[in-house]
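Naming follows writing order (A, B, C and D), and every chain is counted from residue 1.
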């Protein structure tokens, strides 16, 4: 399905402030950017670099006063996410070298401390995809989705105790539990069609059966039509907007809708 | 200046054929992509990867029959290119490691064989920018710009003898002469505002005074308002469209115009 | 000074077990590997890859039973580490893109939660090197160096409360405090001449005045003669030996001594 | 087999001269560096970086006067190289993105001009490994191995006409012919056990059947016990010693012998 996605950030800055944004989706194997806009108002100099995960990051100095960032894209997405019961656990010695980093604990995913919970959840399940799906279901059924109970410092361990959180927390817990079973797992942020209420979203991927699979513990069933903005070890790596000073986000509007056909 | 650029490639293929394209400009320090479209008609699966020079490359299998690729962007460009008389030659031992590759000879730039010509051209000029500018002027005045006398196999050495060629050949000769003086030089392909006749264009950059500077031996004076599509050692690395089979380019249309303001 | 360093790990494995090691120092701008040995006994297949930080990592499957890894090098090291009072804080907008990752919180460095302590420590110090040195001194004077009070899960925040730890904890705290002031900071593991008691060691680097500087909160004064094995965001990234199964480290011997001259 | 390899370069420089060397083998999937020495006499500052192909490169300023570089390693090598008749041609659309660069023409491999010869040589052979082996055999039987008839500017096309050359020329021709058939091919330089006369050596690899295979047109039959120093598109990328000034190589000694066992 072709999706029209957009995100508008309205800022007010007391003084000129450095911002790092990750709001430009990349074309890759799973999504194709047909059309795109990236507008700053007022216009200020901006540069772009690629981080160690391959994400496109935009750097700029906001002007003093009001400042708006508007991005919009039409993206060809997959209607379904791949589901692969029985896809096998990949032996450590067979993992591609570049995925090994996704086994390590990270700021919000203390996989070194959640092994017991993970073993409890997966029981005797067949190692690999089925374990990850059990983790996803356990989170979906045992963690309450509610705003206001977690914040930017909340980690997977915190969420495992508090049993409440938002998509970011659900993802962190899923990632940490996978890693504690030696399954590489990574954070994904982006857009999801028909997310309710609409917002930027976070989910996770696990590496089983020789490739990455998508898991989303906030949803009842596997849903496609996702647009990835960034991949990372956890939310520390994929903050869509990082500010370094006195700037306030006055408003943020996110939309996802079905796009009309684009022709030459 | 904001430029509206576009390129349309109309193909006809006897059978499904692999294509590699380099038609998506990247935002970076010198240009900012405000708006962009990348449309295939008919639509076929396409993926994108980054090559060793940081260029975005698109891979696809053309369908059998007629096939059109259309790309269009609005890009914020610099109105002037930086000019830096006396910018110094960078000692080999002070060159950043990642620029050393641009000292080496390459397919179309036999810098190992053009040292004599280079020394003749630069005479006693101050080492660095001034040498490159003398090389640029020498090419501009001594090589005739004319289509039909060079082809995809023509190298800098060929051009130095034949004294005729197009932008690609002018660039190769400039690059080879710079490298023979131990000045890193690289090929650039992209768009140039008010190029006459309008087409995709090629020029070169040389690394002097601690950074890359733009040189264009086809032009009378330094002109800004350029959009870079790709960087490489020479044309072998930056072919904007590479095909591997029986596909014919029926038509190609390139346009560059001043864009209207884009607002949120 | 030329240092002879060595590390021997004696393992016993119940069954064949994947190991990832980071025991091969790289030659770079600060150290030169003159001689090196890397021996496995019994010999088993082993491969090497480079991680995202540029560290060399060795992968192997230990055999069942006794297994020894022995590495030894003669390394040209700098006798002094650079000390640069007044080296300035680098504005976020001026940081090289590749260093931005070292501003982010990580598993053991919750910089998002240690800002208050950092501001208390640095007071009105001149932003940059002097702040980092105050942090280093504060740790040196306020955290007790003692084994047995911290473990593989202990983070900077834990150490700030417990006020006790080892070199790894000292480093994590230094890194977290720097990052909370928007100073990029990274973990370093390796060897230090005359460390007492001798062991593998950890310290940190901070990016001020346009480059990385070495800081070691475990030492009374700046000491050179260090050999770096690996860099990373924190200990999660630079574990010198990671095992994935039932293997036991029976013994570990580390030595550092002055090397004799090596000639052709 | 464990090989003891060494290379000694004796220089004399009129003045301090930049040198770039590629004399440190890397451990990887095919070879393991057990022991290594890298000695400069007199000792001068030296740094190391990784180029775009993953090769380790050493940079230094030679002192004025006599200067010696001595490298020696004990390397675990494979006794046999893999031979895979019928390994299939990989369709362009299935090639890993990172191998596409090895399809392009390069300084010494004008694959854009050698297609006719390649088609003549391979005839109706099964596409893939068998074609490469026919190319290898054709070179072995049709090109005379002799010093003094080629030089640093000699390319594959030159060799195809002159029908004489050394290992470097044999490799360039093999690479160019493979690429003209859309088979990725790359240059390899290093050591070969029992090469006669002993010297540094060059051969090539072709990507068929989903991986790289070793081919050596200078040899009668497939020989293992090779140590790779560097990979590249052709000799322009893998010069083992590049000098930028008035320095003379007085003598060069290369040795390869069977190493005794190395134990802890």
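Here is the rule we use: contacts are C-beta pairs under 8 Å (C-beta built on N, C-alpha and C of every residue); 3 or more make two chains touch, one makes a residue touch a chain.
Everything quoted here is computed from the prediction, not taken from an experiment.
Chemist: Where the contacts of chain C and chain D overlap, which chains show up?
Modeler: none
Chemist: Please work out the Cα centroid separation of chain A and chain B, and write it as a whole number of Å.
Modeler: 36
Chemist: Rounded to the nearest whole Å, what is the centre-to-centre distance of chain B and chain C, using the mean of the C-alpha atoms as each centre?
Modeler: Comparing mean C-alpha positions, chain C is 44 Å from chain B.
Chemist: Whole-Å distance, chain B centre to chain D centre, using C-alpha means?
Modeler: 30
Chemist: Quick check: what residues of chain D touch more than one other chain, meaning two or more?
Modeler: Residues 49.
Chemist: I'd like to see which chains touch which, written out pair by pair.
Modeler: Result of the pairwise touch check is A-B, A-C, B-D, C-D.
Chemist: Which chain C residues qualify as touching chain D in the complex?
Modeler: By the definition above, chain C touches chain D via 8, 24, 26-29, 32-39, 41, 43, 46-48, 50, 54, 56, 58, 68, 70, 76, 262-264.
Chemist: Can you name the residues of chain D that touch chain B in the complex?
Modeler: Residues 18, 20, 49, 51-52, 57, 59, 61, 91-93, 97, 100-101, 104-107, 109-110, 112-113, 152-153, 182, 236-237, 244 of chain D touch chain B in their complex.
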